[in-house]
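By written order: A, B, C and D. Residues from 1 in each chain.
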């Protein structure tokens, strides 16, 4: 991370040179490699990548919710003074829901199908807010009202299957924000929702965290969506953060060939189909021994050293970092 | 110029416990030869039902489907399956994984429609046709013997397209063909589709929830809401000057980095019930930012709003251009 | 609650077609099949005249639909015909013996559920551990033992070889104990109600081996489905959400995982009931249990048609009722069922 | 399913669950006994021997002798063919009929499905063993009727399974694509749907075999179907039961044990096949 990105205070979240593998029957999968980033208070960071790039695993690692098959040979994640990878499950459970919260894609299945949605919000409050049952109920209804669920007293008693996908996602946001966490991790929160609902949900997430001065990590495959809502964007490719910087810098003058290709392949902003760029090849097989740069097979700017030298971290301007030997 | 496919007052209703579900309600839609028409709308608006009606996978409740000059709606599905028109309307399905039979190789998958409906005489002629289709979608010949689970998402999408174009249809209906794909793959498939259309001279009905995709591929867009067409018009006109409030909301919801920090008017809530909707109330009533008495009294008809006569909208206030 | 009752009523009505089907099948089993019941009823020594007499007496000279109507008419009056072996009305015989079979069935079910559900949960919380493999192995082996064989083995080992269990002479050894006064017909409950702990102990000792014999086979399906459902539940999206919300391990395990996992478990109970009810036939004789199963076996061997038919009908009705209970139970567990209903 | 993946999955399933290998060996042994049992038996199964009544197991009579002096080992061995034969015939009948009817009901729905559902519901409304008992009692006491009864009570098992599997596939995109490609109903049902569910159905059949064996043996045990002196495991257990209080355990333990092994083998085999064919359903 460039020194300029550091402020005087300690960042809310620091991921430092994180390496993460999955042990599977068909070999070790090198899911994440050398991930470093920081997140300040009140900031919205987008992590953008194709499926299989490791962006969701990174989100789960931040929550300390890793699969037992995951191994972390190097690096760490510090959130609000805690090491999220080494703390006990009990301590992490205290933190989750209170200081760090998460929302998921497909909100209908993310909620318990046979428990009233209000009760699920209430469960979180009872666990973390040290309140009576009655008080928790009142506060749960308030939380539902804050996410603009119409008629929250009545909806408190609804089951997830009685609500639309958009409303379920609002309930999830209400649950996540019930205890005013410092950080909200949103893992593809609008996948599967209609575009109009997506806009409503994203507005809601943004407004909620802004008013609580919380931070967001938005995991998404949609660069345009990240562009509209995030302050900064990190582009992840095959377990590497290839470029990270302010949204303007990333979209206006991308430095990594992959970022540029990604922007070129996003349908919005093109006048004709002929302008639509493609990205050749696909993600490398993460079970193999990988070259230092994992984009090398898809890159038209590769140099000889790309296959040999470890990835550089080139700072461009104050808050823009690219990991490429031959940036644009 | 006569349309290659024209739906006339097409209706599909389903009986449900609570009444009749009006999935597609008196929809008129014409596709000209060589034209590429985009169909957009939120989930549950009836666009999938319309695709299945036009693709002749389900029987319409009422209305006509005129394809290449003949009304094919009265032909029962059981018989239509063996009709020559069957091969001339093909559909590319949404999920490339689900749309391939897991036990059939790429070759068998593409050969199936040719065997059933094609004219290929002997084995060699069939193989030649299959290889041609596989080559057209840009799959290397060695993929022929692969099974779906041995292919990547993009390759599966290509197989689905190869199967659909194997019979050289005149109308290809694409039901969200790229929604399950990553952007990088999506871009490739979209370009392939554009190339195939000009190469084979097909007409497209392209269904998508992504307006940006539709914009790139289609010259005309049809917007559906709760079983009805609420607006249709040339792509540029519709993007520049949407006349129906729903279309406006749809356009305003497209993620756009240029709008960062702004909160335009959002379409909240969900559509009213499609079960026995009132025939005299605008379907958008209740969700519309400007609902007036007229909207609750008469259902607005789809009518021309521009001088060109092709841009049409179903709103009482469609003449008021948006700011 | 009103919604619950309304749907319960609906389910009750939904059982009517099954009931009609059951009545038709039992009727067909005796009337429309090869072989002449009149010959059977009249006995091997009867001449043509007495067969004809029996035929007329049984109404077998009427047309099939007419016979069916007579049959339904008699059923409606609780008339299942006369048993040839006991000479009593079949209904009386069955009602007399039913409590014994029901008591045994229920104890067997409680045993099976009580062992299998915790076992399944235990295995699911430690998947692929040695505990898991042990559980899986044990229930697989248990499921391979025919009920009648396990019954014999248990008697041989725990009565003949190591005399731990009492002599298998039915519900209570009347040499030492007096039967409790009939209140529910279940000895275990009646003896408690009477406060007669000695009798309770005696009845309990008698029922343990047959109940285990009956319940053992049911262990496998219940334990397996519990394990599978629990594993699925623990891996589900909503449990992930609960973990992301930092809920306590206990709350996640019980409120979020277990309650959801109970749905499929409740659903297999129907199948398990079917098995346990049917198996009474196989083991009652071994334990000298005076239930309907042993009665039915005797009836089958002596071609006592009315008795067999009555038994089948009664079991089917019982089973339909039990399934209704399962249905209502799953409604309590899953709110979604209510809305679909 | 490609050959390589089938082999690798088989290897995986075997390494994951070595019991499947044991099951396969037991299965081979059972089939061997069923085919060659009569040739290998040291004594005639019906040969009574006044001088050798109730002999405990010895080298002369591996499993001892029964009250009539018949060699229990020979009887158990020879019974394999009958017991497996009854179960396999019953399973084949219910598999074929159940799958066909269920698939049609699931595909066409409507009144075909309604009638199918009613018939299955009626069968399922009985405790199944009780129904089997009733059927054999009514149809007559012989082996064929045991097979018919066992087939009837297993019918809903396949029928409902096939119906459900076909029902979820009937509107899948690849089936609709097949319709687009000019396939008629029969071709779609057989070529595109049933062929895909056949492996899973076969797993169900092998899981069901154990149950069919138990059912047939249970019927003989209570005196239905097979009659003495025919060697059959259920009937032999039933005959041996009389000597339980005189301690002649071998009379019922060996035929009972044979039943246990057969049922155990098929249950394990079904589990193993399921792991190979359909790993998701593993329980």
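Quick note on the criterion: contacts are C-beta pairs under 8 Å (C-beta built on N, C-alpha and C of every residue); 3 or more make two chains touch, one makes a residue touch a chain.
Everything quoted here is computed from the prediction, not taken from an experiment.
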Both-way neighbours, i.e. chains that touch chain C and touch chain A: none
Chains most often in contact, by C-beta pairs: C-D
Between chain B and chain A, distance of the C-alpha-averaged centres to the nearest whole Å: 33
Between chain D and chain B, distance of the C-alpha-averaged centres to the nearest whole Å: 50
Inter-centroid spacing, chain D versus chain C (mean Cα positions, whole Å): 22
Chain C: positions in contact with at least two other chains: none
Graph class of chain-chain contacts, one of line, ring, star, complete, other: ring
Pairs of chains, among all present, that meet the touch criterion: A-B, A-C, B-D, C-D
Complex interface listing, chain A residues touching chain B: 50-51, 148, 150, 164, 166-167, 194-200, 202-203, 207, 221-225, 227-229, 247, 251, 261-262, 264-270, 272-274, 276-279, 282
Contact set on chain C toward chain A in their complex: 236-238, 240-249, 251, 255-256, 259-260, 263, 333-336, 339
Residues on chain B engaged by chain D in the complex (per definition of touch): 52, 55, 57, 78, 81-82, 86-87, 90-91, 93-95, 98-103, 112-113, 116-117, 147, 149-150, 160, 163-164
In the complex with chain A, residue positions of chain B that touch it: 42-43, 152, 154, 182-188, 190-191, 194, 209-213, 215-217, 249-250, 252-257, 259-260, 263, 266-270
Chain D to chain C touching residues, read off their complex: 19, 118-119, 121-122, 124-131, 133-135, 137-140, 210, 214, 217-218, 221-224, 234, 237-238, 240-241, 244-245, 247, 249, 252-253, 256, 259-261, 263-264, 267-268, 271, 282-283
